[in-house]
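Below is one structure, written out as structure tokens, with a few remarks after it.
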Amino acid sequence: MTIDGVTFNPLAGVLAVPVVAAALLAVLPDYRATARLNVVATTLTLLCALSLFFGRPQPTPYLLVDDLNGTFIVLTTFVGFTTSIFSASYIGHELETGRLTPPFVRFYHAMYQVLMFAMNLALVANNIGLMWVAIELATLTTVLMVGIYRTHEALEAAWKYFILGSVGIALALFGTILVYMAARPVVGEGLDAMVWTVLVRRAGDFDPALLDLAFVFLLLGYGTKVGLAPLHAWLPDAHAEGPTPISAVLSGLLLNVALYALLRFKMLLAANAAALAPGPLMVTLGLLSLVFAAFMLYRRRDIKRLFAYSSIEHMGIITFAFGMGGPIANFAGLLHMTMHSLTKSAIFFAVGHVAQVKGTQRIADMGGLTETHPVLGWGLILGVVAIAGLPPLGIFMSEFLVVSSTFARAPLLAIILVFGILVALAGLFLRLNSIAFGEPRGPSAKAQASYVPMFTHLALVLAAGIYMPPALVAWFQNVAGLLG
Amino acid sequence: MTLTIALAGTAALFALAALAVVLAGAAAATRIVYGACTIVTAVSLVAAAAHLLNAAAPLSLTLPLGVPWLGAHFRLDALSAFFLIVVDLGALCASVFALGYAEHETAPQRVLPFYPAFLAAMTLVVLADDAYTFLFGWEFMSLTSWALVVSHHRVPENVRAGYVYLIMASFGTLALLLGFGLLAGPGGLYSFEAMRGAPPSATLGALALVLALIGAGSKAGIVPLHVWLPLAHPAAPSHVSALMSGVMTKVAVYGFMRIVFDLAGAPAWWWSIMVLALAGATTVMGVLYALMQHDLKRLLAYHTVENIGIIFIGLGLALAFKAHGLLFTAALALTAALFHVLNHSLFKSLLFFGAGAVLTATGERDMEHLGGLIHRMPQTAFVFLVGCAAIAALPPLNGFASEWLTFQAILLSPQLPSWGLRILVPAVGALLALAAALAAACFVKAYGVTFLGRPRTPAAQRAAETDRYSLAAMILLAVLCLIAGILPGLFIDALAPVNAALIGARMPAQIGTQWLAIVPIAASRSSYDGLLVFLFMVMSGALAAAAIHRLASDRLRRAPAWDCGYPDLSPATQYTAMSFAQPIRRVFGTALFHARETVEMPPPGDTRPARLKVEMRDPIWDFIYAPLAAGIGAAADRLNRLQFLTIRQFLSLVFSALVILLLVLAIWS
Amino acid sequence: MIRDLIIQCVQMLLVLALAPLFTGFVRKVKARLLYRQGAPLIQPYRDLARLMRKDVVLAESASWLFRVIPYLVFAATWVAAALVPTFRTDLLFSWSADLIAITALLGSARFFLALAGLDVGTSFGGIGSSREVMIASLAEPAMIMIVFTLALIAGSTQLSTMAEFMASPAVGLRVSLGLALIAVVMVALAENGRIPVDNPATHLELTMVHEAMVLEYSGRHLALIELSAALKLILYFSVIACLFAPWHLAPAGAALPALAVGIAAYIGKLAVGGFLLALFETSIAKMRVFRVPEFLGAALMLGLLATLLRFVSESF
Amino acid sequence: MNGIDFDIAHLLAGSLVLVSFLELYQDRLYALLNIYALHALVLAASVAWQAFIQDAPHLYVTAAIALVFKAIVIPVTLHRMIVRLGIHREIEQVVGVGPAMLAGMGLVALSMVVMLRVTHGADPLAREDLAFALAVVLLGLLMMVTRRNAVSQVVGFMSLENGLVLAATGAKGMPLVVEISVAFSILIAFIVIGIFLFRIRERFDTVDVQVIDRFRGERR
């Protein structure tokens, strides 16, 4: 769009701001300045993303903005923004306790922006190759950040994440190549055969066998990033050992980005009548992840791993919903994804402060939180209530829609789904009880925390459970229609 | 108009909850919150009562909330109006009671925000007219009451009770969710009008019934889904216990009725078999469990299970009669059930208030540590006695009136053509009679051990009469119990619109009958006049008293009790709750609860005291829930090994997944 | 109307007047069967009168409830007894409580009596109450089952209507009737604390049920309790009489002679019943307390069986 | 394209699979590294050949990378590293060589079957090449999961990646191939550095329970 002569391309902003910020943050020494700059940069990115509503650039062979990734871009930039606020206070505390030294903080902030850039790029890429590169970049940055504490556990987690991630990436690349191979005879050699807009249009005449093969590889490749069982192994440790803001971003955003990639390819297969339906595969993996993660919740002793597994569970539900397809299920899937991003990051904000005030992540060493730190405690409870799918919060609505719409179509699946949800709820509250209630355990020092991000997220989730603005609804419904 | 008032009241309650969060810790918070609750519920109560008594046409309203393309539908018809009355009446009394009771609350900021929200949620359920709003209110009701159950969270039992409660509640909600999914169909027609418009086939309807029975039953406390109830209800503060037992279970009954009588289409006769069988079992199991208890509040909670059973017997009969087109009889059975809903909410609240008063006066819930309270807190003792007589179904109080109606309905069941029911119904009748007798026994125990006899502990000795707010609430309820007992005709007539809406027929009008008797079918067949019975008893009692005091002696001497020549026996020699229940435990408990009594009697010359040990098992927990929990735990342990694999093993997981998928592709045709 | 009222009052006074006499009669017959002289028939009246005149000796730990209960019990029992047609069907107020309600009235009497047993806080009262409620918890459902059976046969729970139907030839001989009769006799024995369930004559603490419960009562209170017990006994006999031997019951609006005949017949029935009771009691031994549940369980089963028979077929 | 071109491409691709089998067979680190160098060499040749027959000059870059980086630099550094870190030379395997070979056979067969389902419309070069590439990828994965030793697993990963590059170059006219191969080289560099920095000896598959407990921070 053009503002008093100066043409301004929001899309460029979404990509450029993080890069510039990363460069600056890499050199600036002072902690406070960098933290502020970090927040400023994410704010700008968010503004650019929002301005995408008003002027949407024409798709180029490399970049594309449509309704589908619009949803994701706004969500990503928003959570990136709030997380940067949270990370300011969090990292401050880490500096005080000396777990991080200034150079590492500088590195951390730079990496944060790079991560933002990578995710935004992955979202706006109109080219499957470019998207792949972006996701690989995002993976590498998060690997570095997970290992930032350089404890044995952190290195172990980072290494595990790195290896499993690389294999996933490799598989995804193979799938991408296969898609190209499938497209080439139809679209012709060269760039066009990797461009979304073209691919989706022509997908009807692709070689179904190649598409099937491609989808298998893509499902496993990007599914590793989504954290679907049995490809999930990296996820809990990466969440548990990295700095909490990164856990929040991982759960809240990176998983979504990978899922977004999957959705794109699902659309591709859906457009081809002869190819096998992607639905059943996604439904199976989704249910598997849900039930598996639900059972894993019971024996958790580390609070961040607990919620990491809950992320797996919810990714399972979302994948299931998209696998089921249909207007209601897709709508529910989108809603659930949004709600989960907001809620889970809010939970990690709370967990971060809890771990800081209690000085541990062991659930056994924290207790009676609602007595020692009422605000944190009740915030955490509210978050868990939300993530467990209880009203009045938004996930209740999405689960309501998923379950009820599924039961009418495939009762058995719905029963498995309900079983998983129930088991997960029981597991979550089993742990929550010992954290939030009972005789206070562990230190009860005052927490210098920034509650704003957490409660902003929770307020949004709450609002969604009660009232959703028609514009948003129309948008989601449109996207749900796109997903078919 | 009424609907608007009710919704405004709900909104006000939500606002009040927010206010309570803000006020947290302020000294006046308690009075403000409960005072405001009293006013709001009173207004809403009056409005609802007016709506029901005028038999006004259903009102409906849609707000742009909830599921976007659907909106939040609200509807106030006769059924919702009646249950709204039950909710508001209970809430009103609880709020008044709490004005005094909650002064003793140690951590009010853990109760105040959730109490109004709880009330609001229950109102929401009753008013909801689409699946989302209904379940929203339903689950929010569970959530808020869970928060109230764990309000005294330092006691581990409470937290555990809350845990079990929350899981069972969510289980029920999910069952209902499936049920609504069934009724709404793949198109997602979530509004109740749409469901009424497209009733399911008989088999699907039966499935919906089963799901409703599981969903609503788990909230109402149908055996075997009742396990949470005796844990959770006593754990909450007493006014909340009263609400949960007296009102929330009724909201569950409402949910069941709304689905089964309104949405699930025309019933098939065999639907009622499940309901009746479960209800009969629930009735007797509940009272037997209660007899084995010596924790006062838990005993009351188990009696809630029993009374829910009685209510569902009525509902099952109504279903059976409706299925066979015997509409007037169906109306009779339904009236019996609804009337018992009201009655139970009255006397159960009263009893829980009494237990709360005892708790504040003595700090004890265990009857074995009480006794002789009638001397220390006479008013409480009196109203509690009224409650006991009412729940024990003694004429002329209200409990008897509704059970009498249920018996009349059972006596009409030979009209049923289907054999299964002909065999089942009399058996259920026997169970009901048995339960009634056992309930009487149980409340002899509860009242006798708690209020009569001599105090067993210093705490009981020091007890003092409770505050005036609590007394006011209890007296109000006691009076209502008496009125409902001696003038049941008025209530039956008030319930006519509900029957007309759900059954399509109503009981004959009672208002014209001589001396306000109730005549279900015909005077020659059966009739009962609580008023006359009451008057006769008063007259003959007064007559006897007057005559004796006038003509014979009215002198009176105090002397020690007969002690067989062992002077000043300690209070420990009195009968305790456990010993009182011993004969019944021996008759029923041996088979049902594997009750074992082991006596160790020291040999002659040995000065050790003899010991009697009683051990009992809960069959339902042992056979259903314990294995379930164990299974989940075992599965969790198995899967947990996956957390400790090495990277290579994880890679091999990925690898095998890939190979499997490729194989699938290879053999896919 | 006035006439009906008078008759109702006559009924009330009649049962009240006859009750002690009937008790005395049973005792006398028992004594005679044991070749004893036995106390004169009017002994119960004397006892009552003496008790009335005596002071009440009240235990220190007794509460106000303890003093109210005798009147409550008496009132409930008397009202119940007054509503059973003895010599004339549909009394003025008989519709105000049907057979279920009458059973329940007796139930409330028992409820309060059991409370009284617990009030003083001695273990005798406790043992009495706990055994009493155990017995009642089986006797009451049995009674209800019997009511079901008869109500299903007569198509009503109104005693008057039932009595009229029973008197009519439409009844015939039915299996379920027989079962019900046996059951109701068993229940009556249990409810009135007669041998073999309980022994009204004993005062050995560990064997007694009813007597242990009222051990602390004295003076006028005890008199009322005794009177209520007598009323209850006669009530059960009246019920059995009007259901299973409804002969010569004066119909509604009958003239005086008919009423006279009715009263005579009633007294005759009572005499026969009393004799049979005494005969039964002398010819059988008291059973252990924990045999009682089996005894009453049998009654309950008989009642249920009778009801089921009625349910499954009209012809039984 | 004419037959001979096709045959040579086919030959090279097939020989890549063969070399993968050789890798699978080796149980000594040094030998394994040498074989990997051979693997990279064959890849370079095949890529170069593709560049030639597709006359796509940018593919020569990829070939060069394969030649220089993978065939020379990486093996040499790994040699050094083994010496420096004192990683013992034996590669202990989860399953013996024999079963591993059999599994490999199965995988090759599988990839053939899967690929043959592709319609003949897709040009044969692509089909055969893809089949071989898939085989190489699967063999690489198999190697990763059957070896306990970190370095040998890295080698497995790298041969997997070679398979990818083979596929990418086989895909005629595919853009970004160079970028992708560069990106992958970076990835591999990371891994190698990772081994060096983190002193990862056998941590890929540690058998030491205490270590697991410490690292997972879960079991108590």
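In this document, chain identifiers A, B, C and D correspond to the written order of the chains, with residue numbering beginning at 1 in each.
One rule holds in what follows: a contact is a pair of C-beta atoms (placed from the backbone, for glycine too) under 8 Å apart; a residue touches a chain by one contact, two chains touch by 3 or more.
What you see is a predicted model; the values in this text were computed from it and never measured.
Set against one another, B-C and A-B show the most C-beta pairs in contact at B-C. Of all chains, the one whose mean C-alpha position sits at the greatest distance from that of chain A is C.
Put simply, the C-alpha centre of chain C and that of chain D have 99 angstrom between them. Here the CA centre of chain B is 35 Å from the CA centre of chain C. If each chain is reduced to the centroid of its CA atoms, chain A and chain B end up 44 Å from each other. Separating the centre of chain A from that of chain D, both taken as means of CA atoms, is a distance of 31 Å.
Contact of a single residue of chain D with at least two other chains is seen at positions 114, 117, 141, 144, 203-204, 216, 218. Those residues of chain B in touch with two or more other chains are numbered 643, 647, 651, 654, 658, 662, 665. Contact between chains, as defined at the top, is found for A-B, A-D, B-C, B-D. Contact residues of chain D toward chain A in the complex are 114-115, 117-119, 121-123, 126, 130, 133-134, 137, 141, 144, 157, 160-161, 163-164, 167-168, 171-176, 179-180, 183, 187, 190-191, 194, 198, 200, 203-204, 214-218, 220. Across the interface of their complex, chain A is touched by residues 64-69, 110, 131-132, 135-136, 139-140, 143, 150, 153-154, 156, 159, 162-163, 166-167, 170-171, 174, 177-178, 180-182, 184-186, 188, 190, 632-633, 635-637, 639-640, 642-643, 645, 647, 650-651, 653-654, 657-658, 661-662, 665, 668 of chain B.
Remark: chain B residues 643-644, 646-649, 651-652, 654-655, 658-659, 662-663, 665-666 touch chain D in the complex. Chain B makes touch with chain C in their complex at residues 371-372, 374-375, 378, 381, 385, 389, 392-395, 400, 404, 407-408, 410-411, 413-414, 419, 422-423, 425-427, 429-430, 433-434, 436-438, 440-441, 443-445, 447-449, 452-454, 515, 517, 523-529, 532-533, 536-538, 540-541, 544-545, 548, 551-564, 569, 571, 573-575, 579-584, 586-587. Contacts from chain A toward chain D in the complex involve residues 129-130, 132-133, 136, 140, 152-153, 155-157, 159, 162-163, 166-167, 169-170, 173-174, 177-178, 180-182, 184-185, 189-191, 193-194, 207, 209-210, 213, 237, 240-241, 299-302, 305, 361, 364.
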